Each structure stands twice: as C-alpha cells, then as structure tokens.
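Some structures to go through are shown next.
Same chain, two partners: subunit A is paired with subunit B first, then with subunit C.
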Partner chain A sequence: MKKFTRNIAAVLTVTAMVSGSFTTVFAAEDAEYTKKEYTGEEATLRFSWWGGDDRLEATLSVIEAFEADYPNIHIEAEYGSSDGYHDKLATQLASGTAPDLIQIDPETMPTYVATNPDYFVSYDENGFDFSEFDDAFLRRQINGYYDGQQLGIPTGIAGPALLVNQDLAEEIGIDFTADYSWDDLIEWGRLVREYDSEMYLLCANKSYIATFVFYNYAKQLMGTTLYDVENGVLNITEEQMEECLNYIQALYENEVVAPASYSAAYDGDNLQSDPNWINGKYVCTFAHVSTMNVMMSACEGVKWIAGNLPMMDGALDAGWTANCPQIIAVSSTCENVDAAMVFADYFFNNPESMSTLACTRSVPATEKAREICQEDGTLEAVLMDAANICSAFGGLTPDRYASSQEGKAIVTDAIETVGYGVSTPADAAADTVAQLADLIQ
Partner chain B sequence: MNKKKKIRSYRKRDYQAFIYIAPWLIGLIVLQLYPFISSLYYSFTEYQITSKPIWNGIQNYVTLFTADKEFLTSLWVTIKFSLMTVPGKLILALAIAVFLNRNLKGINLIRTLYYIPSLFGGSIAIAMLWKVMFMDNGVVNAMLGAIGIKGISWLGDPKVALITICSLEIWQFGSSMVMFLAALKQVPSSLYEAASIDGAGKIKKFIYITLPQITPIIFFNMIMQTINALQTYTSASVITNGGPMKATYVMGLKMYKEGFSYFKMGYASAISWVMFALILVVTLLLFRSSSSWVFYEDEGEF
Partner chain C sequence: MTRKAKKKLNLVLSYLVIFAIGFIMLYPIIWMFFAAFKTNDEIFGHISLLPSTFSFQNFIDGWNGTVIPYSQYFINTALLVLPTTLFTIVSCSLVAYGFARFQFPGKKILFAILISTLMLPNSVIIIPRYTLYNKFHWLDSYLPFYVPAILACYPFFIYQLIQFMRGLPRDLDESAYIDGCGTFRVFWQILLPLMKPALFSAALFQFMWTYNDYFNSLIYINSVKKFTVSLALRLSLDAESVVVWGKVLAMAFVAVIPLIVLFFAAQKYFVEGIASSGLKG
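Let's turn to the complex of A and B:
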C-alpha cells in the first residue's frame, strides 16, 4: 500500500511537471542565471556520452561556449555509439580510468553503484544547485538518487512511447488514442495484414519486444517486478513466464510483428535502419521518448502521434513508467571536482545551454528548460505527449537484476527461441525461470 | 685462474645488455606475462571486475562444462567456424595463387587487388559493410533477385548466418595467398620439365609436384589460420552479435560478454584458458601430423 501511494504521488508529480510546461507563462524567466565562479587551477575534464548527430552537435556547442566563458577549464569530448558503451565504462570504472563526467543509462547505474558505491561523487555534498529541478522527480533511484545522495543528474524525462503513423492507422481503422488492451494489438495486427500484406502493425525486434512488451506485460500480470531484490528471490513463476511468452508467440504467429529472422538484422537500437520502417511499412513502433526523434527522422513526411500504451484487463500494476533517458555523473577519480561541478551547472542550469541542448536528450528535466524549448519551438508536441502518457501510468520501476545486461539477455534469448519457433512457450519458460533464478545466487 | 677472470668480465657485459633489451623486457612482463599469469589466477576466482577476486577453485571450469549450455554451444560454433574457414581460406588462397603465378600483363596490379581485403584485417568498418550487404534488403539479395533467385535471409536464418560470417573470413585470404605465391615461385621448374617429358598433365603435376613442394607453407598457413579462427570475435560481434539463435556465438564473443557485459571477469578468464588449451591441443596435433605430410628439402633439419 505504501509503495502504491508512493507511486501515485510520483505519477501525479511528474504528470503535473510535464503538463505544467504548457500552462506556465514563463515564470521562470524572472529567475536569472548566475554563472558559477571558478578560480581554481587550470583543469581538463573528460566528458563521455553516446548519441546521434543532433546530440553530438548540441553538446559540442555547449562545450565550446563553456570553454569560452571558462578559459581555465578544458573539456575533452569522448562520444560514440551506445553499442558497447557500458561495457567499456565498466572496465574504465574498475581500472580507475573513467572519464570525469559520464553519461550513464539509468537502468545500468544501479549495477555500478551496487558493486561500488564510491564510483561517483555526490552532487549534494559538492553544493550543486538543484533549485531548477523538481524534488519529487529528482530524488528517485532511477533518476540518480542513492542512499540519500544525488549521484547523478537526470538529463530529461523519458520512458516508453508508442510512435504511431496516425494517417495510416486511421485509414486502417485503428485508434491508438483510446484505451486498449494487449489483445487488441493482436487483432489490429491482423487488420493491418489484411489491409496490405507487405505491412505490419508493429516495428519491433527481439530486444524491443523484451524491453517494451515482456517487462511491462509481466509487471501488469504479476503486480511486482521480476525480482524481489530486498529478499533476494525471483518473483515470476514458470506459469507467469509461460503466459508472457504465449503472448509474444501470438505476436509472431499473428504477424503483428515482422518475422524474427527479418528483424534480426536490425536488433538493438537499430530499428531506424529497417528499410520497411523507412518506407512507411509499419503502423507504429515502440520507442524511448529520447529516441523518438531518430525514428521520426528515418521516415519523413508522416504525421506522427504518441499513442496510448496497452493495458491488461485486470492488471495488478500499471507496468509502464516514466524515467529519465540518461544520467550525468561525476566520477570519483575526477581530480578537479569543483571544475566538474561548474561544468555540470553550466550544462543543466544555464538558459543558453538549455536552448542549445533542446530535446537532444529527450524532453528536458527542468521546467525552465522546457519553457525555453517551447519558446524556441524545439519542444515537439509529440515528445511532450509521449512523456505525459508514460508518466500517467506510474508502473513499477524495473529492479536491478531484471534490468541488468545479463537479465535482459536471458529474457531476450527466450523471446528469440519462441519467435523462431524453436521452443514452445512452456519449454522456454522453464529454462528462462531456471536461468533467472541462477542470476540472483 | 685465467678462465675465472674471463667469466667475471663477461658477466658485467651481460648486465649491460639488460639495459638494451629493457624496453622489450618491460613490455613482455607488463603487457604479456602479467596479464597471462593474472588471468590464470582469476580463472580460479569469482571476480566481478568491480570488486576483489574471491578464490573458488575449479568452480568456473566445472560450471563451464556441466551447467553452462551456452558455453558448449559457443565451443561447437567456434569449431564449425574453424572447420569452414581454415580449409576454405587455404583452398581459395592457393587457387588464386596458382592463377596469379604466371607472367601476364598487369599481373602485379591484379596481385595487389587480391591482397587488398587482407589489409582491412578484422576491421569494424568491413564487418559493418558485410552486414549491410547481406541484409534482407541488401545488395547481395538484390543481385540474386536480378537473376531470378529468391533472396536468402543471410543474417536472420540460423542455418545460413554462420556461413555469412565465414565468407567474410575466407574473403580475407590475401596474406595466405601471398605466401603461397612465394612458395610456388620456389618450386624448381626442372621438376615440371621432367614430369612433362614423362607425359604428366597439369593436374598430375599439381598433385605430385606442386603440392608436396609447398607443404611447409600449407602447414604454416594452416597453423596460423587455425589459431586466428579459434580466437575470432569481430565479425560475429559486429555482423550478427552472436545471433540468430546463437548460431554465430563464437567463444571469443562469449568471453567478451561474460567479462565486459556481465562483469564476470573470473568466469571470462576461465573461458580464455579453455580457448588457450584448445588452441594448444589443436596446434600440437597439427605439428604431430606434420611429419607424415610435410616435406622439407633439408628433411626438417637446420
């Protein structure tokens, strides 16, 4: 009950935060930004992040402006693809060679903090100004808050989204704006195939089916996360696992999604490379709010909307939940934490930076930044809608075992065997539950 | 007495020599010997990369061979990969070398062109290019479609994906080809002339003269390519990431995932030592077999 109340409070706060940006009349403009002074010795900071070209360009612009204002601080940018980013980071953290400022996936960070709570310095202890942030959003583990200390700053408001080709959906007779169930997706999948045999309802690969379908379906079915982390036990039973996999099998068998052998070439965050997506052969796709822009850019000339998210009849938990797309943390091996704090302040609190960064890391986390982006015309309504929709659900946050790379790999492998028709859901469920149980031992 | 004095003076010079070989010696100790020994130690520990290693005896090895089905899959995939790529690469390299071993106009340019794929080595860019070429909507299927052949799911079909990966490895046959070409040049022409007088045809000359004469190079190439194949990683990681259905999940990839994605460095070290043992055994077997099929002019004595 306590957990439920806490979730409701978080949902209300986040929803109010996000939707508030449309109604507030730029009250934040009154509060002027005062640049932090830096009188310390000359410092060089390494800043690593992953992301696309827009994010790269915006971040480099902020760095350039920062270096012009703070000639004593030099920022070395280390950017690249998300592929292998956290593998490399784990090694860097273990060997004490991590960059000073690090962009981290919020679902991966708990693994780092659990193995060594001292990897990152506390923003609170170093006097970071969080006045622009809403405490109810900020002070959550998924947003970088661990044991009473803010070890990371969320770069935005994100979460799962359903990106819908609205004209196509309407033409086929599918309404993603109303409430609907998982079973409706199966029915709509059939409609799409009847409409055009070259089209599918949902653009998804095995990783996306794991992240968006399996985990949320399981939470709605169970009312808990996969693991009870506090007591070190696996919550999901073989029967529940089988039910989840049965549904996923139905997605493939009813051709709601493309065959597993087709989507294998576009696994991970590579759905935008699927030529069928580029050519508008899908009605919708699951995406992260932070990656919606990438998907929309890959298929131009389409009227995109953020669709509602599916709910199970009699669900025990809402499943879908908002989080942040990335966290920026300062490594404890940073030799000049003061300089890092000055840069972080410039990055998150400076209106010019807010304007430059815009929505390149999803819908901004602070109201002030959202107002600035709205004024600039860079805050797209579809992103705001998506953030509002997932925030309104307020489901449970995935536990750290389920969201670990190994946990995800076990689930994804099960989905793949079912997708290829190599295993029945019952066989795959037995094997997967045994592997998941081993993971916690 | 005189002898003793001589030995002392030589010892001083010996110590000086260490200064000259110090860069190499430091490299050997720090970059090879230390990781080599520490990985052996880690293989007997539970080491989570982010915490201190805890000794657990042979548990990692027991788990590998008794409980980890994925490891046995990766072992089998690696063996299949080696069985396909090593003979494939050697046969192709030898065939092209025989073709290029003649005096044609612009032969040096042609030799260079054939060698170019090897210059890319295990590069990410080439693996990415391979991936794009072999996608369902890629250029390879488009070419097949142009001649009326239905496209193949090169990356999505578990039965075909390993062949796709192997073809990239085989395509990079240049270094073996260059060595074969050098070996072919060394075969005395008098042997061919004698065989021609005896009425031997081209195929007989190739089987009874060329092949025996170049067996040392075949042996060398076989050893080197087998070692490379058993350690393969890049193509399987970049093109298919071990999929679909673990069809390309080679041991190198398994080791990487366990170590750097799941942070089980102790377990990954155990995999690396199994891989080392496998390479050692295969190499020893090849060496042992060599006495029956490799012919040296000096009978193997230097």
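Let's turn to the complex of A and C:
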C-alpha cells in the first residue's frame, strides 16, 4: 500500500507538472531555430511512412519546403498503407534495401532491434539536437531508446485514452473525471443498461479489451509486465491470469460491453464503424490518443472529454503509460547519414515543419510543437487532456514478448473464448499461461 | 393446369430463383456502387441501399487522388499486367508443348519438380526471390513480374495447358509432319489455334490474379509513381486518419470495372477452357 501511495503521489506530482501545456515536464528553450548547414555532396534519401491523406499532404509539404532550402538533398517519398507495411520493412531490413528514413511502429521496433541491433544508426552518435525533447519521455525503449542510444525519434505522444460522451455520462450520473476503480466500471455498466437497454457503457472489441483492459489490469495486479525479459521467464501465474480473465468475463456478463458476437464485426481499429457508436449508444470507449479523432468524427455533435483511467485498489503498478504512435529511424544502410540527420532535424525541430505537420502524427512530442499547434488551432484540447492523463500514470512499458503479435494473439484468443462463454476463466488461464510460456522458449 | 402452363410456371419459377441467386451474388458490387455516393455517416449509420443524394464528387475526388491521379495508377497497372499476361501465355504454352508432345531424358523427374513447385506457398519463396531480385537490381521495377512470366514460372498454367494439349489428337501433329511441318510450325499453326479456349482461360486467370495482387506489388515496388491500382486503393486507409470511404469505394468500383468487362467479354472461353483442360487428358 505504501508503495502504491508513493506511486500515486508521484503520479499526482507529474500530473501537476504536466497540466497547463506540459510547461515543466516538457520544458523547452524558447530559442530561435537555426537551420543546419549541409555542405556535403548531393544526396538522395528515401523516406517511407504509412498514413492517411492528411499525413500525406503535410509530410509532402515539409519535404517540398526542405528541398527548397536544401537543393543538394532530394527526398524520395515512399508512402503507403499500414497494411503490409511492416512485412515489407522486415524484408527490406533483412535484405539491406530499407529506405534511409523509416517510420516504424514502436511496438514492432523491439523485434527489429532484437533481430539485428545494427539495423539503425544512433541519433546520439550523429549529434542530433534533442534540446526540444523532454529526456524523461524520450529516453524510453518504447520511444526508440535502446542500450543507451536513441535509435528512433518519437513522432508524438500516444497511449491509452478513455473518450467519454460527457453529456450522456452526466445524465446517467457517471463521473469519469474523478478517480475510480475497475469495479466501478462494472457498476456503471449496470447503471447504463438500466438507463437504456439499447446502450452499453463501453465500446470495445476483443482486441481493445486485450490492449486496454487485460494488459493494464495485469500490470496493476502483478506490479510487473507479463514477462521478465532479462531472465527469460513468464511473470504472470495461472491464478493471476484467471483473475484478469474473471474480470473480463464480468465485463461481458454484466453487459458493460456489447456481446462478443456483436463486436466481432468491428474488431481491431474498426470500432468507428459500429453503428451503435455512430448513433451515440455508448457512453465511452477506450482509444489510442492518435485514434481519438477518428472515433470523434464518427459520432459528431457530442461533447467529448478525455476521462480518467481505471485504477485497481491496491495496485502494484500504475499500469497505464504514454508511448508514441510512431518512431522515425535512420537505417544503417543509409549512404549519407549526415543528410539524413539534417532532414530529421528539419522535420522535428523546425517551427515551420511543426506547424505544417501539426497533429497528423498524434499530439506532437515537443512542447514547442504543441504550443505552435495550439496557436494554429490544430491541437484539440481533448487530445491534449488525454495525452496529459496517460503521461501522468507512468506505468510499466509492455515487454517485447507481451507486445509482440504472437503474444497479443494468445491473449486475444483467451479473451474471445471467455467472451463467447466457450471456456471458463480457469480453463482459459491454464491454456494461455502454457502458450505464453512456450512463446519465450 | 395444362402441361404448357405448368411448363411456363416452372420456367418463371426457375428464372425467379436464378434472379434471386444472381442478385445475392451481385449485391456486394451493387452495394459498393451506391456506397460510393454516400458519406461515412450514411455508409455506417444507415442500412438503406440508396444514397440520399447522387453526387459524383467522391468519384472526382477519388480519381484526382491526393498527389497522383488514378489515371497514372491504371496506366501502371496496364504496364504491369498486360505484358505479364502475354509473357505467361507464350512461355507456358511452349513449356507445355514440350512436356505434352516430346520424350526427352529426365522428363518425368522434371515434370515432378515442376508440379512440386506448384505446392510452394508464395510466403516461402518471397524472401529468396526478393534477395535475388535485389542482387539483379530489379527492385522498384516491373521486372520481378515480367521475368518469371518470360521464364514460365507458373506451373499451374503449364499443367493446365499440358492437360488440354493431351486431349488434342496426335494424329493432327503427325499429319502436319507428313506435310513437311517442323516442330515449331506444328505448335504455331496446328496446336495453338486449337488451344484457344485454354489459352484464354489461362490469360484471364493470370490477368485477374496479377491485377488483384497486393502483396507482391507491395514488396517489389517502392516508388508511388509506379504503384498499381491495388496498392493505390489502400493508400488512404489508416486507423489514425479519418477515411473518406465514399472516395475509396468509388475508386474500388472503378477498379473492378475492367475485370467485370473482361469476364463477360471472354466468358465463353473462360468456362470452356476450365472445363476442357480439367476433364481431358
């Protein structure tokens, strides 16, 4: 309990520091930006990323402005869909044909670094100017920091968020702005069903229950991540797994979430297609900070707020943690690292780029960029609040086995069997722990 | 009820059933067409098939693209698909001729190897192929599609054509030889015209598979200016962005038009080719 109180105190302190536009945590010097000199030979850099139309337009505009300022450096844009992006990248990295600058999913990056630590060059060793970034946020593995070297730069602040239909929540008598526990969610779920039998408290599918409920519940319960990566052992016991799955079963049985058979049609990041979400039949949903705008735009005319995140009584870890939506890395096959560093500097540190890129890669990672976006009116308050809330928790970062595709698939399958009532939490726990243990061998 | 009336009723009922099944099969395409006129709200929030308004804005915006217009993607697709299909047909029919009509040392073993490669899934050969093409400096070009087609790397079509050729009487070849034809002339002037249904069917399959192929195009092509339609259609899909589905569906509809037209235009050969190559031999 003492440890938890200490954690809470730390969380509150960080919250206080973070609130008010991150003024302390993300302290940045209000210095004028000086463009980096480039006197090297003519260079062509390949830059690959995935994303929608807004991100495409903004990134191409920055590239155009960069090429006008640096006529000796030409950027070849290789953009595409997220569908198959990392399959292609894995092939390219293995064959030495990867682009020079690469946008990477932060949860996939550990697999690449584990496969070959030399796939990417160190920004630190190449003198990248990180003065705009907050060290506490930057120097974490999930944000591209591996073995004392920054191998990637986080493009923004992401992490878990609870998007709440505030008017509806108030009408039913639910307060997501105060602290609350996981058990409160069950109770509130019942309240919502009594209020309107067509409504549910939480819009979630099996993938979201795995990502947002299971992993955070487990961390708060255990005080560790699922695996002890250093010693190569599984931390979670069968009893702990059963407790997590018991809670997930309670979410389904108490109709806090829609039946598993209903949400199966909107799995993954497709919750915005759920007609009940579009018609305002949910009080809230878990989302990533970077996907909140998609959920909000699917259900317009609603007063959205970023709600607080649930905390277990006697939690051993805060669970919730901020990360980043993408990382930009420079591949070690890049023939002109100096030119790549100049472009990366222009991309991350130039105020004009910050304004152009705005929130196309979630809430910007630097305070200066956030200030610029606020002045431009491109950073919505609800996104900023969500970033503040998840940053303040400071829970453990998921380990690389738990966040791998295989690890997630094992957990999601367990949730599915419990959700459909095919397995009891006890049976599913025994099976899941055995599968997770096999994963590390 | 007279026999004539009964017959008529049966006919009407049969047509009704056929129409109902046809409608169910075509419904996804019909839905896609009408959804191309809708907003996201209409697509996901309402079950009505017809849009509230018929505006072609989604088609115009979709065609113009964010950076590169769809006309470029269609040109690229034609540049990739048409030569690949042509090369496949030429090379596979030649190899099939060899296996179907000639005796040579190791024929059985070579045929067994050929057929065994049919069982290799694409995911197994993609890495060695990629490495090889990289060494040849073929990446980001259409050569990874052209060269395997030129070298008859499609055992499915070879097998299909061999089966068809086995059904053509050898007497035709022998008569041609007696009249003074060489082996190539027999192939070109006697067998090839008779193989038209099988060739059409193989060409249609290859056209469709290459046209729809996403993974290989994704892996081998890097430059957006060389993207095919299948890659372009997914460009604006992203979980972190608001996708204007009307635009995507409008272009998806335009993208299936060539396949639909081709299928109906060559339907006769398509069915004939499959039926005859599968049953004879």
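The rule we apply is simple: the second predicted complex is superposed on the first by the 411 of 441 C-alpha atoms of A that agree within 3 Å, B and C clash if a C-alpha of one lies under 4 Å from a C-alpha of the other, contacts with A are read in each partner's own complex, and residues count from 1 in each chain.
As a convention for this text, contacts are C-beta pairs under 8 Å (C-beta built on N, C-alpha and C of every residue); 3 or more make two chains touch, one makes a residue touch a chain.
Since the model is a prediction, treat every value here as computed from it, not as a measurement.
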TODO: Report clash or fit for the pair subunit B and subunit C bound to subunit A in the combined superposed model.
DONE: clash
Task: Which of subunit B and subunit C A:Gly51 touches, first, second, both or neither - done: second
Task: Contacts of A:Pro275 with subunit B and subunit C, given as first, second, both or neither - done: both
Task: subunit B versus subunit C as contact partner of A:Ala250, first or second or both or neither - done: neither
Task: subunit A residues touched - subunit C or subunit B, whichever exceeds - done: C
Task: subunit B versus subunit C as contact partner of A:Val302, first or second or both or neither - done: neither
- [ ] Give one of first, second, both or neither to describe whether A:Val229 is in contact with subunit B, with subunit C, with both, or with none.
- [x] neither
- [ ] Could you look at A:Gln405 and tell me whether it touches subunit B, subunit C, both or neither (first, second, both, neither)?
- [x] first
Open item on the list: For A:Thr115, using the defined touch cut-off, is the partner it touches subunit B, subunit C, both, or neither? Pick first, second, both or neither.
Closed with: first
Open item on the list: Going by the contact rule set out at the top, does A:Ala94 touch subunit B (first), subunit C (second), both, or neither?
Closed with: both
Open item on the list: Running through the overlay: 42-50, 78-86, 96-104 or 114-122 are the candidate stretches of subunit B; which one clashes with subunit C?
Closed with: 114-122
TODO: Could you pull out which residues of subunit A sit against subunit B in one structure and against subunit C in the other?
DONE: 84, 87-88, 91, 94, 268, 275
Open item on the list: Could you list, by residue number, the parts of subunit A that touch subunit C in their complex?
Closed with: 46, 48, 50-57, 60, 76-84, 87-88, 91, 94-97, 99, 268-269, 272-275, 278-279, 288, 290-291, 293-294, 297-298, 300, 325, 361-362
TODO: Please give the residue numbers of subunit B that touch subunit A in the complex, ascending.
DONE: 48-51, 131, 135-137, 153, 155-158, 240-241, 243-246, 256-257, 260-263
Task: Touch list for subunit A against partner subunit B, complex - done: 84, 86-88, 90-91, 93-94, 111-112, 115-116, 119, 259-265, 267-268, 275-276, 404-406, 409, 413, 416-417, 420, 422
Open item on the list: Under the definition above, what is the set of subunit C residues touching subunit A in their complex?
Closed with: 40-41, 44-45, 66-67, 126-127, 130-131, 134, 139, 214-215, 218-219, 222-224, 231, 234-244
